[in-house]
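Supplied in structure tokens, the structure appears directly below.
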Amino acid sequence: MKFGILVNEGPYNHQASDSAYRFAKAAIDKGHEIFRVFFYYDGVLNATAHSEPPSDDRNVIKNWQKLAADHKVDLVVCVAAGLRRGIVEASLAPGFRISGLGQLIEAGIQADRMITFGD
Amino acid sequence: MAYEVNGKSIEADEEGFLVNINDWNEELAGLVAKDEGVDMTPEHWEVVNFLREYYAEYQIAPAVRVLTKAIAKKMGPDKGNNKYLYELFPYGPGKQACKIAGLPKPTGCV
Amino acid sequence: MEDDFEAGTVKKFMFVNRKPPYGTVYALEVLEMVLISAAFDQDVHIAFLDDGIYQIKKGQDTKDLGMKNFSPTYRALEGYDIEKLFVERECLEERGLSEDDLLVPVEVISRAEMGKLMAEMDVVLTA
Amino acid sequence: MSTLHTVNKSPFERSNLQACLGHAQNGDSVLLIEDAVFAAIAGNTFAPKLADAAQDIKLFVLGPDLKARGMDPAKVVDGVNIIDYEGFVDLAAASSTIHSWL
């Protein structure tokens, strides 16, 4: 089954991104496909290349990057939400790409299930 | 970048969209159009003014499809079609006409 | 400013609004989502319940806040062929509001009807 | 055709759970995650509403979120099933739509 995931919150203010990541990982482990993860609202901050969490905490951004690298998961950051918050091509961690909101609607159409994690 | 109008500098982003939409005036529109290679005729003004009115009423720049339909409704099918609008604004009635009309850069691209 | 996207399937989408405008950015950015969805020729529904109803309250004036008043944009939805706007009657009543307080035409339905409508959706997006 | 509803707020802070239960249909599933897990512990004032809802709706709580918050799995309200992330995925796959009450 193909899942689409919408992440509405940034990496460290809220558990949403962690929950989305755990869900995505479990889905892949069970043989499902993650069609796309779309980052919107403050969720675009999950794509920053400049996050350096303390070494005794989890690295939310690296978790997503590894998922993208290991399983070819499409991580899409909304261009409009990113512009508002200073997330542009130059600030992007590898593994993420910037595109339009249409990618979210397309995920809703193409994926078998769409699930949102947010506040 | 910036536009110079009557000795006043008006700030714009690198693509030529105004930083502050309240800076717009007709003289500036003529200057932006010139930069875009558009020779403003009454037909061009009609669309630009329509866009400004649309923005004043709804606080957004309409999608091309919506603009075309709204123009057809107001000015008839001869003008409310893609061919007519793209002839006036070769780079798109959305992006190019919005820039000349001083509206915010459309960010909601598909 | 987008061109139409070609897609074969038509799904029932619902954007569920439960948060008021200005205090947080969610209402504004949901509206941007809704506008984009119009380009995909899907069956789009918008639900306003709980404090989401305040998004379409008449008379919003943000001048003193220096924030953009995006409430007029809800009136543009009709031109985008998004006409299925639903408001939950119980939520209106709880807030001492009536249909006359709203700035766009909506269909006022009961909580029970809203629950049934939600159950018909393929994709529910919330913020 | 059934919906999986997820709720992530404590009912003592926000109305999400109440709103969700007010709209869920018979046969739907409701999963409590993140800060919503507090609602699932017996003895809290919201527990009777959950027990009531359990008659028509399948109720679940995410174990890892319970554990993280020091909540005792043995004290979960009767009728609420504890699942892990794999169970979450199974629920999502088995439901036709997922409605996250944010």
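Note that the chains take the letters A, B, C and D in the order they are written out, and that residue 1 is the start of every chain.
Throughout what follows, a residue touches a chain if its C-beta (ideal position, glycine included) is under 8 Å from a C-beta of that chain, and two chains touch if they have at least 3 such contacts.
These numbers were taken from a predicted model, which means no experiment stands behind them.
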The chain whose C-alpha centroid lies farthest from that of chain D is chain B
Reported most central chain by Cα centroids is C
Chain A and chain B have mean C-alpha positions lying a whole-number Å distance apart equal to 35
For the pair chain B and chain C, the C-alpha centroid-to-centroid distance in angstrom is 28
Between chain A and chain C, the Cα-mean centres are separated in Å by 25
Listed in rising order, chain B residues that touch 2 or more other chains are 108-110
Among all residues of chain A, those touching at least two other chains are 8, 80, 100-102, 114, 116, 118
Residue ranges of chain C touching at least 2 other chains are 2, 5, 32, 36, 39, 122-124, 126-127
As the complex stands, chain C meets chain D at residues 16, 18, 49-50, 111, 114-116, 118-119, 121-124, 126-127
Per the touch rule above, chain A residues touching chain C in the complex are 6, 8, 40-41, 80-81, 100-102, 104-106, 108-109, 114, 116, 118
Listed in rising order, the residues of chain D that touch chain A in the complex are 6, 8, 33-35, 64, 84-86, 88-90, 92-93, 95, 97-98, 100, 102
Per the touch rule, the chain C residues reaching chain A in their complex are 2, 5, 7, 9, 11, 13, 25-26, 29, 32-33, 36-37, 39-40, 42, 122-127
Chain B residues touching chain C in their complex are 57-66, 69-70, 92, 94-95, 98, 106, 108-110
